[in-house]
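Chain IDs A, B, C and D follow the sequence of writing; residue 1 opens each chain.
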Amino acid sequence: MTTSGGPGSTMEELALFYEEVRRNHGAALWNTEMANTTPDVVPYIWKWADFKPLMYQAARIVPMEHTERRVLVFSNPGLEGKGRPAATTTLLANLQIINPGEIAKTHRHAASALRLVVEGQGAYTAVNGERSFMDPGDFITTPNGTWHGHGNEGDVPMIWIDGLDVPLVSTLQAAYQERYTQDQQEITRPDDMSLRLYGNASLRPTWETHRGMHSPIINYKFEQTYEALTRLAQDTDGSPHDGVCLEYTNPVTGGSAMATMACFAQLLRPGKPTTAHRHTGGTIYHVTKGKGHSIIDGKRFNWDEKDTFVVPSWAYHEHEADVESVLFVYNDTPVIEKLGLYREEALEENNGHQEIAGVFEPVPVEA
Amino acid sequence: MTTSGGPGSTMEELALFYEEVRRNHGAALWNTEMANTTPDVVPYIWKWADFKPLMYQAARIVPMEHTERRVLVFSNPGLEGKGRPAATTTLLANLQIINPGEIAKTHRHAASALRLVVEGQGAYTAVNGERSFMDPGDFITTPNGTWHGHGNEGDVPMIWIDGLDVPLVSTLQAAYQERYTQDQQEITRPDDMSLRLYGNASLRPTWETHRGMHSPIINYKFEQTYEALTRLAQDTDGSPHDGVCLEYTNPVTGGSAMATMACFAQLLRPGKPTTAHRHTGGTIYHVTKGKGHSIIDGKRFNWDEKDTFVVPSWAYHEHEADVESVLFVYNDTPVIEKLGLYREEALEENNGHQEIAGVFEPVPVEA
Amino acid sequence: MTTSGGPGSTMEELALFYEEVRRNHGAALWNTEMANTTPDVVPYIWKWADFKPLMYQAARIVPMEHTERRVLVFSNPGLEGKGRPAATTTLLANLQIINPGEIAKTHRHAASALRLVVEGQGAYTAVNGERSFMDPGDFITTPNGTWHGHGNEGDVPMIWIDGLDVPLVSTLQAAYQERYTQDQQEITRPDDMSLRLYGNASLRPTWETHRGMHSPIINYKFEQTYEALTRLAQDTDGSPHDGVCLEYTNPVTGGSAMATMACFAQLLRPGKPTTAHRHTGGTIYHVTKGKGHSIIDGKRFNWDEKDTFVVPSWAYHEHEADVESVLFVYNDTPVIEKLGLYREEALEENNGHQEIAGVFEPVPVEA
Amino acid sequence: MTTSGGPGSTMEELALFYEEVRRNHGAALWNTEMANTTPDVVPYIWKWADFKPLMYQAARIVPMEHTERRVLVFSNPGLEGKGRPAATTTLLANLQIINPGEIAKTHRHAASALRLVVEGQGAYTAVNGERSFMDPGDFITTPNGTWHGHGNEGDVPMIWIDGLDVPLVSTLQAAYQERYTQDQQEITRPDDMSLRLYGNASLRPTWETHRGMHSPIINYKFEQTYEALTRLAQDTDGSPHDGVCLEYTNPVTGGSAMATMACFAQLLRPGKPTTAHRHTGGTIYHVTKGKGHSIIDGKRFNWDEKDTFVVPSWAYHEHEADVESVLFVYNDTPVIEKLGLYREEALEENNGHQEIAGVFEPVPVEA
């Protein structure tokens, strides 16, 4: 902003002043953009067609013993060069692969994590001594501070999306990570016990005492979710902006599945495009099933099954499916809401549809 | 971590793999430090003796019309080169100066702000149409979304500490900023009306309806705070770690003064050193009154009146006053707690006192 | 208590004093039992064998036009002569019958009500414009302030238990009752829409906004409840005091189904007697299915299918089933807990089993 | 209601039916007024002029050893003959007197109690080992479950109003009462420590952990309350219905002073009559200071200093002071609100003023 000083000051004085401020670990606000509202995060889509071969290649060439988890991180181009790779400023969206016979050792950390199974079968997640075997479309929670690990007892690799709040926890400087005393924690409860206890609609087991800000359910099975979505779609179009969109909730409180992340299953049907809105809170979408496109801040993003895309905070977005589609969606709105920072706005013009300025084409990073 | 691949892979294959991941805006987790617990924020102290001349110089050479606010930002050395200057990863600690006759125009933003008056008199803060004139030691709130401005009707400049959650709001990509339609908002309530309504201990005005996650009180006067601190000190030593430490609360909920920042007044007395503890949540201390030192992560920081220092998240800290001292303290613990990330640990060894590895000496930034 | 006065006073003076107090609408506390802890409510069982013929007789001889609802009230013997008949000091347990072709007109009131279907089919409850057809064992909510009515479109009468908080609302002097402008409210939503929206386990429809302190679900179907109970019984014995006991919850909050009443389905299995405990909060049990007995304050109450019994506040109770049994249970614990009055105590002696002092035999009211 | 039966039934059959229902401890709802909205509680005023001599007489003729507490209960005429005497269906309003040198032994109970000092000095209340000496107008809390007793170390008797939720706790059958092991509990904290800790406006002592649904403050001193009322009255008329009315709050939560009772200090000024409204929740008023009248359900009640009157739930009421007056007010609205039963209505007609049907004259109970 200002470079010339007040009356009586010279350019030289000002330069010396700035130098002196800097030497003392200060900065002049008026030379800094403090309240910059331009989001760094850009809308982006990671194509399954690009990442599938890389994942299977990683499964082949990167041995488990060389890595805590065999994971590729989706790196938002808007954040590249500004710290560690991440999908948004608060959230990670990663792909993880585990080969038959492998285990991912038990650990715990301050970050909360979720999994959405992309393909494969026969692998499990274990949380605090309880296993759940996973199928495509299943949504699995491994919340803040819980011991968790994975194992693949099947015949094929399994791949899933890892959603984590690592950038947020890191910004809050609240991170820690611990290895369990053994590679795998002892299994102390029947498989899927938490689901049997808490997975009965609006029926709470009175003898159980679940604590914490997260759901007691480890695995929300896709079969039940999909059945609920399609049954509801017979009666309702749901939300104008989100279609038939169900939030995975913590049955003990009715709140979000984890303290920092809200998670959703969203059914879109051909011939029923949604209208655009925008809100605070960056959001990640994974195409569990189907094919279609989204318009994000005026640009069209075509999506196929197993693609993953990101809608930045305060970016207008609307969706249209070519065939019946299910999106898995997660964002940091629980944080935004608890801090009084939630804002939302529907697009009024043009019947709620954005003007389309172009179709997204990935720009590969230069060699 | 790994550079060599699994059986059958070659270094060349691995290199090509990494290149292909990078081209698709991906990153290999095992080449990335994701759960890094090393705090970037370092303990630091900004000496009033260094900044006082700079503030008065700024008041002289930087005209108001060249800046939204005449503010110097305390820049944590650990964060320099990693984005905008800030005291911690979530909070700003700044110095602001306003000359007699000047106004700082009315605006509002998603960030919450607080002021702690350092010196001067005759200046006011106006929030949503109500003014409060400020005296040294006063704690003033200008919460998220409230219209606010300042003016100096006295004969001398006024300087205050500005505390803001700008880095947090920016990370959450929830920022916005708006100018009021005029330079100054109309005054529609008697001065200090909020304090008269809500400043009576445990007596709530039944005809008022205060909404929002923040205190309705604009100005917590130092005179009352200091009187409460010294009166309590006759009966109690308070907390072993914090001395006689009072939290400024929202009288409507009993909670923190603002949704994202907890604020405290802490009385330390000579001969009563505190013992060390550490907790998640980076904390800023301003020496309202007195003289003493703090040991932060084993290093001694000597402080004088009007100095400002920072204790990073999870750093052990303990305090000792040479004369009766009052510290104004603020941190992001409301955020940490709402997200289930609060942890605390008292130092057990050596009767709760750290071994001192040295005395802090500022290292000026090189020219 | 005292009848003789202090030094210098005479019996005559005291008598005149009491008379003068009484004349001025006062009372001497020391002549009054103010903190009487003896519960007035007594344990009691109303046998279906006694009430079934009365209900069908009522259906025959009492025309709907002569009554708002065709209801027999269970009258706790301990409360008879102390105001209106009721099962406990806060709750009603009634039987209602509706003939084929009849309607019970739409009204609303401050009291909350629940239904548990005893026998019949083809009848519905309508709440705020939505109908749900009812089957034996179904639990139906008609909360505080909701318009509701009933109709029987089947070929046989339907009988259900009516649970209401009328005595509590009456004590709080918060009662009102209104007739709808027509006999029946218009049906504006598909049948069972609330169940389809909110009856999917831990999946919240994001486009719906449910307000109020009660569950949005009108009908919790017995089929699902029974399936959940029996499935869970394969893995667990549940609570030592209550067996496999599930609370019907409000999916939006995880709390009780209504603001004033908590409702439960409790599975008891032969060979698995529960142990005794006692707690504040009077509780009503209805035998949805099965046969067994309960020991209440040392007395044995034998129960058969469709019987209804009451356990007073702070009375020890334990249960044993002869065959697999399901009890529907409701009480005022949400009130007790919100006011900080909940206390609970397990019986320690005799392995948690009471000594049995006798078998309950009903004492008919004298002619 | 109905006495004649349906088609085919005879009066004889109906009579036999009713007899059989009654014999089985049942009742026909259509012969019972279940949803009666007529409040039993009537507006009433207990004149200090009548009760002052009785209190001093009681102090003379009723020895402490003959009574747990020397208390006269205000008996609402509408409730006489319907159980124990009480001011409303949920609350007691009593007068208690304690002579110089006497103690009222330490006990605790499920009921919550409050005191409002009427006259005298030199007496104290002790709660959980902390004493507070009381002055006229002081509001003292002895919440649910706290050990408490009284003693008079002065030279004159002290009289106070006792407000208790005994009828409510009794209806909920949650009552218990225990004597302390000794006559007086040991004093373990400095006098008025709770007030010094929590009585600083919006400043919370961080080292204290107060639990429970009640305020940690034992004594809200009248001096501070009156100062706050009169200061506020310079700026505002407060509520149209209540004047300058401050709620005594729990500083830890901002909520009501006790879980079941909300307590208020209300300043009325001559020339500023309030307008009428009605709400659920029966309310007790004590004239701490002043002289005036209230119109309750169309009847005028003239009040003088130290009188006590009751406004039933849902009765219109408005107030007018002849001289500056302070009313101490308490009611059960926290219960009403937690259960979703609060309703309120302002009188629209006649500029919010009721037509006055007469002046209240006490009707002494007949001999």
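Note that in this section contacts are C-beta pairs under 8 Å (C-beta built on N, C-alpha and C of every residue); 3 or more make two chains touch, one makes a residue touch a chain.
Just so we're clear, the structure is a prediction, and the values are computed from it rather than from any experiment.
Between chain A and chain D, the least number of touching-chain steps is 2.
Shared contacts of chain A and chain C, meaning chains that touch the two of them, come down to nothing at all. Averaging C-alpha coordinates per chain and comparing to chain C, the farthest chain turns out to be B.
The distance from the centre of chain A to the centre of chain B, with each centre set as the mean of the Cα atoms, comes to 30 Å. The distance from the centre of chain B to the centre of chain D, each centre being the mean of the chain's C-alpha atoms, comes to 45 Å. Computed from the mean C-alpha positions, the centre of chain B lies at a distance of 54 Å from the centre of chain C. The set of chain D residues touching two or more other chains is empty. Interchain contacts (touch definition given at top) occur between A-B, A-C, B-D, C-D. Contact residues of chain A toward chain C in the complex are 190, 193, 196-207, 215, 217, 220, 224-225, 228, 231-232, 235-236, 238-239, 242, 244-255, 264-265. Against chain B, in their complex, chain A makes its touches with residues 1-2, 4-9, 13-14, 17, 19-30, 32-37, 39-41, 44, 46-47, 50-51, 54, 57-58, 60-63, 66-77, 80, 82-85, 88-90, 92, 94, 109-111, 144-145, 166-177, 212-214, 259-260, 280-282, 312-314, 332, 335-336, 338-341, 343, 362, 364-365, 367.
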